[in-house]
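In structure tokens below, several structures.
Two complexes, one shared chain (chain A), two partners (chain B, chain C).
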Partner chain A sequence: MSTSAASATGGERITMLKVLNPFHIWALGVGIVLVGEFMGWNFSVAKGGAYGSLIACWVIGLLYTCVAMIDSEVTSTVAAAGGQYTQAKHIIGPLMAFNVGLYLVMAYTMLEAADALVVGDLMKSGAEALGYAGLDTKPFVVLTIAFLAWLNYRGVFMTLTLNFVITLFAFFAILVLFLVTDPVHPGAVLKHSELLTDLPYGWIGVIASLQFGMWYYLGIEGTCQAAEEVRSAGRAIPLGTMGGMMTLLVAASLTWYICSGLMPWQYLGQAVTPLYDAASLIGNTKVQVLLFIGTMFSAIASANGCINDAARAWFSLGRDRYMPVWFGAIHPRYRTPYRSIIFLIPIAVSFAFTGLLDQVITFSILSGLLGYTFMSINMVKFRKKWPLNSIKRGYIHPFHPIPAITLFILCSAVYFATFLGYGASLLSIMAFYIVASLWFTFRRYQFVKRGDQFTMPWPRPKGY
Partner chain B sequence: MAKKFIPKKQSGLGQFVDSIFILVLVYVSLYIPLWLKSESAAAAANNGPKPTWESLHLPAVIQEQWVKLGYDAEKAAALIDTKFDYTIDPVMLLVTAAVIIGYFIYMIKVSDKQYREVIAEKFGDK
Partner chain C sequence: MNFWQVLSYAAWIVSGLLFLWMLADLVSVAKEYDEDFLMSSREGADELMDQ
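== the complex of A and B ==
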């Protein structure tokens, strides 16, 4: 039951195809995130200086390591589309699950919109460089979303295989840029000793920079959405997720090292494409072109992964009737959640064209953050309701409950960081989730079957 | 054994209205900060005479990088003088903390009540 859904043709039950391996999981997780190294992370430099951003990189790296550890255990045990949503449904309860489903859909759809805008802006910059000024970016934004949605519609294997290739290329571009900066001879190209300064705002700036430090890794938890489509969830999810985290830690450190050694922090803190700017400063045309393509590929890979994940989360909400059941259908031929994929296209496009990029990005980050807070609570409840050896786990993460407690504390720090910079957005986004929760409790839940929500072959939870 | 709950069937129109409701809610929450116009954007503090590289007192290497990036002294000064204000309003901080904590407490309590119904129907009464 958990792996099936109504087909488009009626009562027949069909499942998604189990065709993915750990490389696809890596491509999904890193693909969504890597664009954050090409742009976005550097806003943390504006908030707390270059060293503040580096501290944020490590602190938030610890937050995401906890996320990856927890996710690997729970997802390898609850292997179903919807990822954290399905986990919440089985471990905490329906209202939490509904909220987690919304976090996922909002975080990924809004990130997808921002990615498509980046592709449009890059096309404009590229056209300008070739002598065609004033290119209209809108058609490229729509085309990017539409093409990637079509790819997602046609099948997950090709979608994530493409993601693997372009994500690897983008990662390779960062490695090449690092090597070109002659890192073994400090001062030759990279000028850290002259460019690095003390913390411009002191430690409060470091805390404020945590919010944009999330960009280094935001979305790696999306690997869970493929749990229903991997050949072996117990192997592929932990391998792909933890491998992805290691890749991102390397990419984030290299990115910081290159950019902070080439640009004054005040410039870096507001740069739109800092890695591309770094390549421009080196003055090597080939590397510049490589970084242009790398930036473009990273944005496309991110949008592609986001469509994949948002559609699966929306599909799962529909399958359980948390949202209209019409969305809970799988394509009879391509075995993809096609109605959810199509439904989210105009929504992503409309987010891209609101002109509210700041709010859209903050909504995306905060939805992710709310999801991480949930994970810390979820992990504690999971081990309490089903202690070790009471059910078969694909993977058991070490040192419980230290990762869960660390995650909770770090999430609290990021809420404070968000309050420092985007207090009004924080409150309005919380208002959205509160109203949505009331709506679910007093209206939507009447359409939901009770016992059918629990689909795992587990014994009764302890204490219930 | 707990009595099986039979959910209401929802019409196509009802499904459509429910989908639109969530979308409208998202857009409203995206626009609220704009209506309030209260986000703390960084502000430039320089109201003095037109800056020069000499007046900025930058080390030679840093000045060189600004020039390579295509900046003159005036444009660079606009960025260098831009500062964030991290003054904390304690009342707003308390309100924000109360909203987030209250939200999670409400969600966990209601979820637990709903979860007990799910478990009772799935596994039978204890």
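== the complex of A and C ==
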């Protein structure tokens, strides 16, 4: 037995390293999301036209601003990995926590698989552009997942520092593209007056577009997973999350402005890589290469952040015995949830090998949406059980309960939008989580040590 | 065998090596450290809590 092991028996506890700052939090949140500006958001154009997509961009922007504000307040008091899972555990109870934890793992693992598929497809496109058709994407999909998992295994500081660099590069690529479209001279390059039309499918089309408006921001809530590894959760989480949300609102609006001024809505609504297509239409090779690299970097940053977040959510479930406790281990040198990282690799590869990008992403979005819905309930309960001044908060979000109510209403609208386009998927995912809840209640919860799961130094809730 | 085919094989090999490295490290950590120590972490406290 080693020295460290011997000291463990003497009462020493292992902890994750507290090395992250607000820039890492920004890189985690924006890194997961930014790929959604490079592809995916434009399917909202097919549903609601260009103006419908802009409405979706800002309405869903409001939904995620509520998410960011609520997350920032609650997480500034909960310095624990697991993010929304930990919030739900402390505020509502074990069954909701289990479900939220499962949503998080599924959402991030599926998004990671989709990102790896995108990297493989980009490699294939690059090979075709250089004269080699028919490149097999599988080795590059697996390499993306394996390399990023290895990086995550070796430590969170390097992982999120890399994410900061490549996410900043991808954001910079959008800014450069915006500047080369000569935005101060409308009509010179961007032809909004010619391309923008009325709502092609009326207001029902706008509502249907809300589901794909999620792509502009899906994943920003992932910042909370780093709460146990930041130097100060009370400062870094609110700064990184709210800063990330502002960055995304700018990036989303610029993306819509550029693309809707260069492509008719009928084409834009089914494009695979709209920002890259926009760069191609401008005819500047350097910008085209910049956008190709930006698209690649955004997909890698997203997969990287997803591995980080899925592993921490799974680790937290293991630590509380909601899943086998074996997953609750921390690496003694790298201080990462290494067993969870390794366990999720074959699952992500399996999702990726299905090749069903649409279904994988839809499952991911729906899992996220279920989590947001419960967050609105969490927030109301949190303020009731622990009123202001009962717990030291690093950030207090304004206008409570308006953001929580707004979040609930907007989530309901997105459920309706999803039902219009993916009704079968919505019902099957609901069935999946109901079955999982039954398993947890009747089989798994007997193994949970009730007292061990609540170790936060919070005061007794009001009314208990 | 052209450049892209070599690159594909290289991607498979590097992926395999990375995965094997992680598995080997997982096993060596299990041998070297006590299981109770590896799973001894608890939800953290922030300095905000200590004020």
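Everything that follows uses one rule, which is that the second predicted complex is superposed on the first by the 452 of 464 C-alpha atoms of A that agree within 3 Å, B and C clash if a C-alpha of one lies under 4 Å from a C-alpha of the other, contacts with A are read in each partner's own complex, and residues count from 1 in each chain.
Rule of thumb we're sticking to: a residue touches a chain if its C-beta (ideal position, glycine included) is under 8 Å from a C-beta of that chain, and two chains touch if they have at least 3 such contacts.
These numbers were taken from a predicted model, which means no experiment stands behind them.
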item: Chain B versus chain C as contact partner of A:D136, first or second or both or neither; value: second
item: Chain A residues touched by each partner, larger count belonging to chain B or chain C; value: B
item: Which of chain B and chain C A:V325 touches, first, second, both or neither; value: both
item: Which of chain B and chain C A:F292 touches, first, second, both or neither; value: neither
item: First (chain B), second (chain C), both or neither touched by A:A208; value: first
item: First, second, both or neither for A:P457, with chain B first and chain C second; value: second
item: Which of chain B and chain C A:F432 touches, first, second, both or neither; value: first
item: Common interface residues of chain A - those touching chain B in one complex and chain C in the other; value: 325-326
item: Partner chain B, residues of chain A touching it in the complex; value: 46-47, 88, 92-97, 99, 102, 106, 191, 194-195, 201, 204-205, 208, 262-264, 266-267, 270, 277, 281, 321, 323-326, 343, 347, 354, 356, 358-360, 363, 373, 377, 415, 419-437, 439, 441, 443-451, 453-454, 460-461, 464
item: Complex contact set, residues of chain B against chain A; value: 2, 4-5, 7-10, 12, 15-16, 18-19, 21-23, 25-34, 36, 38-40, 42, 59, 61-62, 65-66, 68-69, 71, 76, 79-80, 82, 84, 86, 88, 92-93, 95-96, 99-100, 103-104, 106-108, 110-119, 121-123, 126
item: Of chain C, residues touching chain A in the complex; value: 2-4, 8-9, 11-12, 14-16, 18-19, 21-23, 25-26, 29, 32-49, 51
item: Complex contacts: residues of chain A adjacent to chain C; value: 1-2, 4-9, 12-16, 18, 76-80, 86, 127, 132, 135-136, 139-140, 142-143, 145-147, 149-150, 153, 227-228, 232-234, 319, 325-326, 328-332, 338-339, 341-342, 345, 392, 394, 455-457
